[in-house]
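The two complexes that follow have chain A in common; it is paired with chain B in the first and with chain C in the second.
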Partner chain A sequence: MTAGLTPQRSPGPPASPRAGRRRGRETLGALRHPATLALLPLGVLLLLFFILPIVGMAVIAVTVTAEDGSIGVGADHFLALTSGSHSQAILNSLQVSAVGSLIAAVIGTVTAFCISLIRSAALDSIVAVFSSVLANDGGAPLAFAFIVTLGNAGLVFSALNLDATGFSLYSWQGLVVMYQYFLIPTMVMVTLPTFMGLRREWREADAALGGSSRNFWLRVGLPIAAPALLGGWVLCFGAAFATHASAAVLIGAGGFPLIPLNISSLLGQSPSSQPVAMALGITMVVIAVVVLFLFNRLQRRSARWVQ
Partner chain B sequence: MGAVTTTTSVAPSAPETTGTARTSGRSPRDRALRASRWVPVVAVALYVTVPVLCSVAYAVLPGGSFSLAAYSVIGDDASLAAAAGRTLAITGATIVTLVVTLVPAVVAVHLWAPRLRPLLEILCTLPLVVPPIAIAAGVVALLRAGAQQGRGSLGNQISQFLQSPDLPLILVGTYVVLCLPFTFRSIDAGLRTIPLKAMVEGSTILGSSIWGTIFRVVIPNIRGSMLFSVFFATALCFGEFSLAATLSQQTIPVWLYDVSSHDFRASIAIAVLLNLTTWALLFVATLSADRFSPAARAARAEKQLQKTTTKALAS
Partner chain C sequence: MNASATSAETTTSRASQDAGATSEVTPSGTTTPGVTTPGGTEPGDSPASNEVTLTGVSKSFGPTPVLRELDLRISAGELVTVLGPSGCGKTTALRILAGFERPTSGRVLVGGRDLTGVPPNRRGIGMVFQAYSLFPNMTVQDNVEYGLRVRKVRRERRRATAAEMLELCGLGEFALRYPHQLSGGQQQRVALARALATQPEVLLLDEPLSALDAIVRTQIREEIRRLQQQLGITTMFVTHDQEEALAIADRVAVLNAGVIEQIDTPQTVYRRPAGAFVARFVGTVSELGAEPSFTHGALPAQAPGPGLDTVFVRPEDLTLLPEEEGRCTVVSQIYTGERTVVRAETPDGVTVTSSVSAAEAAELVPGTRVSPHLLSAPALRLPAGAGQAAA
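And then the complex of A and B:
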């Protein structure tokens, strides 16, 4: 920005010492500019506590020590994920996230749709606050609440005699039920604005042209809402996939392998198992980035219609 | 949430109510249809409320009679006080670091470098998708690499310093990163609604430095976003488990997990308190983001104006 104040440097012959000094002053001026000063602390913080750990993780994950002690690049640690407990963990994570996010997507969509039909300003503001609060839930206290409610001696568990149905909180079914606690609010939070944004004029136009209510939803409503619904589902999948705290408290280590649980137990073991943990971590990051990319694309599509 | 069902009254300012549904003469079938809309809402509300009620009951009704005995752990267990102190110290440091680093950066891209804004937005949104446990894995790898340099070396000292149990700076740094996606959006949106350039120019002409302007003019004008950021950061620091547990720092959630193996009722009792505190904080965060938004301020001003005009007309 300060460049505009100093005369343009002429191109061509090597710069005289004076010009060199002026250039030095220019860089110094740019460094002294408040924009640099203001952006620097956040940049350093992001570099130290976010970029560096992830780059370090990637480097460790692809670094392979050969038998003769030489160090090279290879996918050995990723290949180690394709067998045994880790492949089971990947499959389990995918299963729990897919089933959990699908159930949450259906229940959340129906709930958001009903809320938009009720059209009560008080309900809308309560739902807005509660869904954003609950969507951020998923910590250790959530698991404790579910152990007391649906655990083997839980109040609701014994009241409904769930023992007879074979349900166990400490299995994938339990995880799916617990994850709904923050997945349904996430889905409501993402889809409610879309249902609210379906304009009445479209409905009236449909009715004026002789369309039934069913026709409206089939031809107008759902096509417009579909990207938002898919986006919400993808987001729920990502949230379920990344959940660690509540699963760790509920399942502990070893009972039911999931990717986040395997990472934390590998980190607690000998340093030799560390690269495999890093490979698992990189796998998670890649899946998360794909989820964000899909969600962004779908959001943009639905934003074209609903403002 | 039980109160929700009683607040069916339609807001007075709802011009988009569908004409047919609002007519006074409704058929019973119509009424049943309208009532059925509440079924999923009430079901989800119940699902959300029951676990909370069960844990409250478990904590204060041991064996069927009311007792606060489970809460005696607050006074009896010194490790809880230590964990609470550590959590509070981390929270304070996180909030200060977050405000001091994020606000000037967002102001800077708005004022001087709008071309950098997309880059900053991407960098600040990425932590949302990278799972905390993956960040924890990377951080552990770096800290171990530092510690392996040998006793007394620089890397070892840095690693020790960052993990000091009194104030684990490694948690402060990573918690700021975890807060960024939500707080960046809030502050970015807040700055977009105020005439930032005019404010800064006016303040500079009146002799204020740029930092004085940020802290005395800009921040008070984005109160809603600031309050949201502070409460959100507090809630996150109170509830975060993955990073603290992986780095073996005993914050309150980690303490809960450790204690649950030998005193389950106490951990439930404290978990209820923690959960309700976190909810209250997030509740205040969401409300303050709304309350101080320009739209809400305009609505309040309009209401005030209407009141005074009706009063003036009546007299």
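And then the complex of A and C:
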């Protein structure tokens, strides 16, 4: 057996505690740059309207007033979420978000895949613009648009005679349908770069090595795209979970409890209801943080492969 | 020039010479247990059956012809480099052989079998791409095993073959790394190991070294040549780098505008180019006009013109003698280590280039008046009239 070449120095495995410390030092060093001052307004905004409110919510949510008037720390307000309308709101939010994001993930993935096959720069630009606009669209106007088309007196509702199918826009299924308006573009926006990044050489290497198209997708294409697909799904879940205005217009208070609607309702009631609203809010923040963390990890993995 | 006129006779397979060098790493169709030979070759076929023939292959993309009636024969175990400028059709020829492009007309044969309509995954061809084509979601080992896996080779056998190939390419310690954890050179060596693991009948390399730096490029070039000779695998190597083409090949095919201008040994292509294009494209050449009666001695430094032969002279076949009344003036020196390339010009812009030793270069500083002298026969001489056509 002939020995090969002396292996060159390798970049080596990237993730090690030493590398992590080095990156930390580099980041601190970069923050000493005068240009960092430009981040000050953003930092102030984050502090005043993101960090302080969350800390305030957390403090209120865990502050418990005893019968004798003494104040302490407890989980009473969180325990209140385990029953009644609030627990139903959590379950409903999870249900609508899971189903809505799953449907959007499937449709968005197929759409992005088909767009990537066309390989048209003009189409990519158009899709990118429309996806980013639609993904951030929503609120009351969206709900009104759906009411006009799919509401009980809506144009499409009448034309397709949806009444006979039992479909109602003012139900959780209606919410799922309405959410597709911004969830599908979100999914397309997140996954299209991944499909575009699947190199022709990978397919050709698969073929040269004797692999079929099925082999390629099962062992190469889908595993490479999987982090982006899962990331897109997670992001859609988060987007659906946090939607408030359009759901409020469509469903209103009490019809179909959702976390944002219940928070809104509690804040409009007596001050004693506020700690429960805060507990509900903190629950939502925790779910959002988990979603963002998962999305970030999956995106990083996907980006590393599709570079 | 028709390629087939000069092809295939010059090289013999090296497989037999090195048959004892490796135990189971043998060309396609030999005796590795558990490995189904790709492309339908029966076990026991000799490497000599892996001759590649492109016959009358033409390819057009829309109205643009890329290859024109290309004839190319690569003997079993031979390494042919296809050299040419960008857009000459060299990569298209390789992709047609791989099955990624269908020829507009003509046939592709490997070992006598017509593969023209056979899809790439049933051709039994190994390929190393220009860009990094390793599967990023797999470790080095899984990449190398991939071809065996799709052939449903048993796991233990796959592992053993992959380990053997990685060892052969000097990558044993990197088996569990991912491609992004390797340097560019290491990635290309993994790609080579992956392509060889299935024991393909033919190995195709599409400018595999173009993304690497000079030192690594030379190392891997030598590595590819060593493995190719050791395994006796029929190989087509596409490149636009003439030094690379000459250094690695048994024969070099020089392609221009979809036509093979010359196919021959590197020495012949360089020393005896078949035409003006090859003379200009391969190596450095001084293109001068000479009287038809001129044979040797002082070379008149004049441009080709009516009534003059056109001579193409390599730098090592020409010396520059310092003379006060010399017609040329030294304009530059390029130090290349062992030799120095000296360039001189006449007042009317005719350039002559000579390769001289360090001692000679000391007397040829820029500004020195010199006269060119021919040391040996020019690489190419086109008679009066033909030289104008070549220009």
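For this structure, a couple of remarks:
Simple rule for what comes next: the second predicted complex is superposed on the first by the 262 of 307 C-alpha atoms of A that agree within 3 Å, B and C clash if a C-alpha of one lies under 4 Å from a C-alpha of the other, contacts with A are read in each partner's own complex, and residues count from 1 in each chain.
Everything that follows uses one rule, which is that a residue touches a chain if its C-beta (ideal position, glycine included) is under 8 Å from a C-beta of that chain, and two chains touch if they have at least 3 such contacts.
Only a predicted model underlies this, so the values are computations on that prediction, with no experimental measurement involved.
In the superposed pair of complexes, A:223 makes contact with chain C only, with no contact to chain B. Using the contact criterion defined above for the overlaid structures, shared-chain residue A:281 touches chain B, although it does not reach chain C. Contacts of A:162 after superposition on the shared chain: neither chain B nor chain C is touched.
Applying the stated contact rule after C-alpha superposition, one finds that A:64 touches neither chain B nor chain C. With both structures placed on the common chain, the touch criterion links A:205 to chain C but leaves chain B unconnected. When both complexes are overlaid on chain A, the residue A:304 reaches chain C alone and has no touch with chain B.
In the superposed model, A:148 lies in contact with chain B only, and not with chain C. If you count the residues of chain A touched by chain B and by chain C, you find the higher number for B. When both complexes are overlaid on chain A, the residue A:80 reaches neither chain B nor chain C.
Once chain A of one complex is fitted onto chain A of the other, the partner contacts of A:102 are absent, as it touches neither chain B nor chain C. Shared contact residues on chain A (touching chain B in one structure, chain C in the other): 1. Residue ranges of chain B in contact with chain A, taken from their complex: 1, 4, 7-11, 13-14, 16-18, 37-41, 44, 47-48, 50-52, 54-55, 57-58, 97, 100-102, 104-105, 107-109, 111-113, 116, 120, 123, 125-142, 144-145, 170, 173-174, 176-177, 180, 210, 235-236, 239-242, 245-246, 253, 256-257, 260, 267-268, 271-272, 274-275, 278-279, 282-283, 286-287. For chain A in complex with chain B, the touching residues are 1, 33-35, 37-39, 41-43, 45-46, 48-50, 52-57, 60, 107, 110-111, 114-115, 117-123, 126, 128-130, 132-134, 136-137, 139-142, 144-146, 148-150, 154-156, 180-181, 184-185, 188, 200, 238, 241-242, 244-245, 248-249, 260, 263-264, 267, 271, 274, 277-278, 280-282, 284-285, 288-289, 291-292. Residues of chain C touching chain A in their complex: 21-22, 38, 98-100, 119-127, 129, 131-138, 146-147, 149-151, 164, 167-171, 173-174, 177, 180-183, 185-186, 189, 191, 194-195, 198, 204, 216, 219-220, 223, 226, 230. Taken in their complex, chain A has these residues touching chain C: 1-14, 199, 201-202, 204-212, 215, 219-220, 223-224, 304-307.
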